[in-house]
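Each of the next two complexes has chain A plus one other chain: chain B in the first, chain C in the second.
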Partner chain A sequence: MTTNKIGLLGCTALFGALLAIGSPARANDELLKLEKDPNQWVMPTGNYANQRYSTLNQITAANAGKLHPVWTFSTGVLRGHEGGPLVIGDTMYVHTPFPNNVFALDLNDNGKVLWKYEPRQDPNVIPVMCCDTVNRGVAYGDNKIILNQADAKVVALDAKTGKELWSVQNGDAAKGETMTAAPMIVKDKVIVGISGGEFGVQGRLTAYNLKDGSLAWKAYSVGPDKELLIDPVKTTSMGKPIGENSSVSTWQGDQWKTGGGSTWGWYSYDPALNLIYYGTGNPSTWNPVQRPGDNKWSMTIFARDADTGVAKWVFQMTPHDEWDYDGVNEMILADIDVKGKPTKALVHFDRNGFEYTLNRETGELLLAEKYDPAVNWASKIDMTTGRPEVVAQFSTQHNGEDKNSRNICPAALGSKDEQPAAFSPKTGLFYVPTNHVCMDYEPFKVSYTAGQPYVGATLAMFPPKGDNNLGNFIAYDAGQGKIIWSDPEPFSVWSGALATAGDIVAYGTLEGYLKIVDAKSGKELYKFKTPSGIIGNINTYTHGGKQYLAVYSGVGGWAGIGMAAGLSKDNDGLGAVGAYKSLSNYTQLGGVMTVFGLE
Partner chain B sequence: MTTNKIGLLGCTALFGALLAIGSPARANDELLKLEKDPNQWVMPTGNYANQRYSTLNQITAANAGKLHPVWTFSTGVLRGHEGGPLVIGDTMYVHTPFPNNVFALDLNDNGKVLWKYEPRQDPNVIPVMCCDTVNRGVAYGDNKIILNQADAKVVALDAKTGKELWSVQNGDAAKGETMTAAPMIVKDKVIVGISGGEFGVQGRLTAYNLKDGSLAWKAYSVGPDKELLIDPVKTTSMGKPIGENSSVSTWQGDQWKTGGGSTWGWYSYDPALNLIYYGTGNPSTWNPVQRPGDNKWSMTIFARDADTGVAKWVFQMTPHDEWDYDGVNEMILADIDVKGKPTKALVHFDRNGFEYTLNRETGELLLAEKYDPAVNWASKIDMTTGRPEVVAQFSTQHNGEDKNSRNICPAALGSKDEQPAAFSPKTGLFYVPTNHVCMDYEPFKVSYTAGQPYVGATLAMFPPKGDNNLGNFIAYDAGQGKIIWSDPEPFSVWSGALATAGDIVAYGTLEGYLKIVDAKSGKELYKFKTPSGIIGNINTYTHGGKQYLAVYSGVGGWAGIGMAAGLSKDNDGLGAVGAYKSLSNYTQLGGVMTVFGLE
Partner chain C sequence: MPSRIAAAVFSAALVSVSFIGIASAQDEPPYVVQNGRVDQAVYNGYRRYGEACMRCHGPDGAGSSYAPDLTSSLKRLDFEAFANTVVNGRKNLKNGNENVMPAFGTTEDVVLYLNDIYGYLKARSDDQLGRGRPKRIGDDDS
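Let's turn to the complex of A and B:
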């Protein structure tokens, strides 16, 4: 504990010094240092590698059973609370779903409010948010807090005062362009995405200058090469030059203009390679019959140069999507042995139920395995082409419009959705919150109207036959493609995971339990019923030399949309959320941040 | 602990047996037994005497510092959470403010929802609720849960299933008649009051038959004797027969018809005397110049026969109210020494800042003392007449219409409002959550329109000069009329108190702290920052042989109305709540039930 105390004090002093410099050009240096400081939690993803791992080891498998809540903070907002708080110095930054309030809380005084930011947004944005009014967190850099509002406005706040420094409009909510993802600050740029795959947006990743919000670069997911920031020769796919018009040529006519490929997941960054990694979402509409072709580069992992935005490589997981298997899930950067070889790996648990291990420098596909045995839509991934071998019975394209394809696994919300996994360099394992859900899917013809849902499919979700559990929390070896252990859960595990050097792993459940399990065995060490279902991500930090965990409760998100939007009461047969209807027998809405410690 | 375990099991068996009998005529016998069982918390007031005292003694002054939250439950509703949960057998009954949802939670499974009742009410009732959308709890009797809805509907639910058994309309929300008080079940009757003193309601207490909701009796606060259920000869005031037309003769013309005297506080019952005790609220309007006379029987303690409703005695605290000093605060029935004499006392901490000790059999006034030194509107209570000696400087009648009477103490919300005190027979002390607030008050002429506010005064509230604290939590000797100790609090203490045989006292703060203090010294033994400000009341019970405390968070009520109704953001100078504006620097809205234990 003495060591930690010294560590914290040292860090705080360092932090102060860095703040004093206060130059945007140094934001990267500052964040590179802060992301390695386990006493703070400086970015929603824990670190640039998206590992959600902490070297803190005061809370261990031996003493986790003695954890208790030490203070709490209601956010004053109902509906789904995704993401988690940042901790920088003595301040915790808490955010909420729409209306996207931000609170700076004083860790020295049980969360007294130092400042609050309460944006005024047009509530008409709510109906164009597909999957609850969630927001996955704010970013910190250069003494600024960056907030992505639901209405697609990006706002920079003074981290000390909450004063608005600049704002920029990153999309048009009237067209269904909204923001739910957390921004990431890389060097002197703010990286943001866009949501709206169910409204036919043209997805893109955008970099704004941290200093003043001016545009640095914008890279679309679908469309002409120029808009994609793709170099036909230098950008590769499966190790080969991507060629000209790689996207437009895979769409019928100008369907790419409303083609989706939204970018609402998590972003990673490798400082050594200077590459940003992220995935793109579904092609619009959900009706595959209506949009022939591979629909590139929807459902794709992008590796882009952080300075220019130009793509170094791409990898499409699900060409011509027929199931809404968005490719936006996080890329975890980890140096691991893959089939025995030390590798600079990128590990991605895709919505389609396959875990992909790639060489993150080259984009080479090294391994692709199912991480839920229920997955049935494809038999395997062809390692030469990278394409899934689709099972005709579960192909909604093959079965056709207005035909109900039954018992497809996973369901549209995937074997995993945005809920981020963690990686422990100590155990070498990935800890993955998963869904264990199947669906019936019926595509139908739909036409595009700006700002109106452009979905084109109905679906019903349910657990795999012969099983009552809708989720598992698993430990996975991404170098071997193997599940090591699996803890079944009655509902999808919709919270992010945290792994620590104390050999514990933490996650939350939709019923509201914070659970701590043994990193090696998955054995439950502690659970606590928080006020509401957990779809937030757990962080850890120290204050006064003591280690704490912090997590949001607040049921909602896609899995909880029935409750969050008040649908459950009246709609017995609501297909897309029917499987989660019984959730209200366990928990109710309500946003609360709970801090746990060994006190 | 062994003793407690046996106690619990014995009780559960007994409870089952009583339920099996299930006859309304036995409800009184059942409740008389259950109210004495410390393992359960069968009525919002703890017991019929309104003492909020428990003989449980596992949690003590010695170990209270080891308390921790053990589970929590978000209610899914924002705004002010007054009242508290009931615990009967293995079930906890949790209620919410408007829309007045009720949850039966399984204590064997961390609060899994056994059933929920979600009434549909017209939201137009919200604007006619003067002081937030609060509700102070449900009642239990004869296997029924009785709920008073905001829209003045009384509903009986099956305690096992939540099925609606009967309902009755107890008022007309279109006229400003609403319900916020908890019902009390006495024998085979449900006793309910009415809110609406700011809308010119004619206040009354009503008894419905528990079996089917049919009317048993109805007793108005103001009006003709027949409506008041007063016997001119047998009903006494200050020991003398009340005489004919005691109410109507104290009003100008038919002003009594819109005269107020609402009944939204707590009710007590003395089984030996078969008397129900309660107080009546302000005369309407708040402008005293407009309504000459004593305005009887507003601001009055009533003792009524439980079977017939006929008044045995009355005592008016504040004749011709000029400050909105509602007389609804709870009557605590306690057998104590008053000035050395063993007495069947009724102890009442009035909004007007005086504590009244009466003989509860006769209504004789034994003692009346200020329980906040700041009180200045009256120099003392005349013990012969029972009338306050009003200080002209602070008389808003004397100063007149459209004149601002300044620095009156207490403010309209009183030295105490509905937040109930506790009494420990062990220490002989009363533990009182108090306000320490003064006001400027300016009456103005107003005319009555049904369903429209009928207030007729503006006011501004602030702490007494030279003081920054808006509240105190005090220990008081009601037999001597003396404050024993006083713990200052930055805001009004708006939660109810709990005292136990472990010599601890519990209360909550508007910032959100649950606090445990030593019953003898007031020394703080434990505090925990719950998710939101506490205006609920703390209860205690055992489960599995272990003692727990339960309390709602959820800031709001009159003190928190600025936050609850979203006024604070825009109204810097909002007089009636201005003193509490900084509350949002400590806490946000959100209803959460937290259970604490020694685990």
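Let's turn to the complex of A and C:
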């Protein structure tokens, strides 16, 4: 691994000061520096801003047609492969779904395995994971690789040897708590979430000290003020203080204890504001009639101080959720013009089908527009209150328990799920992998038992009326709230996107295609069918001076549930044209990483 | 661990639902489907399936990338084998597989409605019921 001596000298003043305080802030300087190096892919999100953009431009719109697979690596695991590999110097770190093996591969020696970490986990964790046994990646910092295991254990490994340095238990699988999200290292802390919104967990974001895994702070999404890490006066929502008991006052009795608000998505960080941004998941259960109230702070965007965890501002997108529109999708930080004004923006493509643009410093809501025209559960977002104007016909609360609410768009898996979008500062556009699926949703009463599913609704999914495609890959202007171009796909686009300065955008399809399109027009430039459906994220790096793209193939995730046997209805109504599609006609299970290059 | 308790519940479940097994032996299907519409038991089976089984076995029992297509499985499994698997769970951990079905023996919302869930899946497996939410006999929802 290359040591960056010039960089260290440049940061000596800050580093010296921090040394005097006695805190090992090396990860702070190191990661802020590393995230700017396009030759490496140092964190799952590409950079702290979650832009998934690379300044590398060897691969361009002009030559992308010449791309081809260069080498491959089989992970040895079958199940959904989310996330992507890290590249730190000349070492690539590959992770797998359960059992969450981690490999360090030597790029100088044809991907030879330098070390392998194979956790021993109780397989009884598997059925407590709602939506396949995925894992979204490992984090790197201070010569450590941090892994979030399915069994809710956070483990720190020596990046050079794979030796376990420390581990800490972050949750209890017997209560339905597991982990699927990637950790994020901020300064001297490891930020981790928790999964289990379908099992009635009490969601939270937790920070452990990178040095030894001791607890730094824990911030719950639902519950009493003390547990939320908020200040009733200083923490604001829509510009106003949230006040006391902002969460518990929106739940009946003790329901917040099994309230959900899990944190299984992506996290971003603004070093200048020192704020961590993330969203919370659905309230438990899926039956809204059983949990009256706004159910704060589920479905909420949080901005928290990285050192203390205290929330600076919050914004709830879907109060009293009736459709399972988890708010956990990535919070992309981008300095863009919003309605003509230069803005420190946070751009979020929510499950609920609305794209929200906020001022990431103040939490002011600037724009909220549908990013799929099929979205129908709300007509719009009221810009003065931030609340959706729910259409009664599509309200499962309004229609009630044991009644089938029909043709709601989007389906519970949202107009976009966790698969992260990319932002290109060059074009100013966001490149978004979307789902184009609607649902019937029927709530019914259920009881809570620790470790058992706490769902309370059943659903049927199908494409919107008159449409055949289940997904679109779109280019979107978040300053105006407009779709610029849209490439239809037969299936939901479930991969993370990548944008580069070479004017290309990359994404993967559920049939297994790695596709490259022109960043300005969306025109397809290259495609290759990899061994299995892609639900991972495309990353890019250089080695030996050449640019490569790397992506996992391995169908699964929630896409594997809904799509494997095809959807419930052929809603096209056009007879011969509307094929009843089954993903299993196109792909089977797999677990392979493919690296693409030009040479 | 649940398996001991599950065995006890399973025995109780077998006793209380044994008449279903007898019904199958007499060639009477364990479900009621008339003109494409179902009775409350099959409908309840669809709901309970959606609550506890769909997240792995996919919509309508049709399977996912990591759990079998039950419309196919029930062509081989009788009620006893079905109930045994649901109550006690199953592991398939060889050859790259990491598939674990939990034991539902202590999950009330499943084990109390085993007949209904079986009836719904059997109706699907026998091609007597199509995909999607079933329509109920007597409902005005054409």
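Things worth noting here:
We adopt the following convention: the second predicted complex is superposed on the first by the 555 of 599 C-alpha atoms of A that agree within 3 Å, B and C clash if a C-alpha of one lies under 4 Å from a C-alpha of the other, contacts with A are read in each partner's own complex, and residues count from 1 in each chain.
As a working rule, a contact is a pair of C-beta atoms (placed from the backbone, for glycine too) under 8 Å apart; a residue touches a chain by one contact, two chains touch by 3 or more.
Just so we're clear, the structure is a prediction, and the values are computed from it rather than from any experiment.
After overlaying the two complexes on the shared chain, residue contacts for A:78 are found with chain B and with chain C alike. In the superposed model, more residues of chain A are touched by C than by the other of chain B and chain C.
By the touch criterion defined above, A:116 reaches chain B but does not reach chain C.
Contacts of A:127 after superposition: chain C is touched, whereas chain B is not reached. When the two complexes are overlaid on their common chain A, residue A:531 makes contact with chain B while staying clear of chain C. Once chain A of one complex is fitted onto chain A of the other, the partner contacts of A:440 are limited to chain C, with no touch recorded for chain B.
When the two structures are aligned on the shared chain, A:455 is found in touch with chain C, with no touch to chain B.
Judged by the touch definition given at the top, the superposed model places A:592 against chain B, while chain C stays out of reach. Residue contacts after overlaying the shared chain place A:69 against chain B, while chain C stays out of touching range.
On chain A, the surface patch touched by chain B in one complex and by chain C in the other comprises residues 76, 78, 569, 584, 589, 591.
Contacts from chain B toward chain A in the complex involve residues 68-69, 71-76, 78, 103, 110-113, 116, 118, 512, 528-532, 553, 569, 584-592. Interface residues of chain A facing chain C in the complex, by the touch rule stated above, are 76-80, 97-99, 123-124, 126-128, 130-133, 198, 404, 440, 442, 444, 446-447, 449, 452-453, 455-461, 555-556, 560-562, 564-569, 583-584, 589, 591. Of all the residues in chain C, the ones that touch chain A in their complex are 46-47, 49-52, 54-56, 58-60, 62-66, 69, 89, 91, 93, 96-102, 106-109, 131-133.
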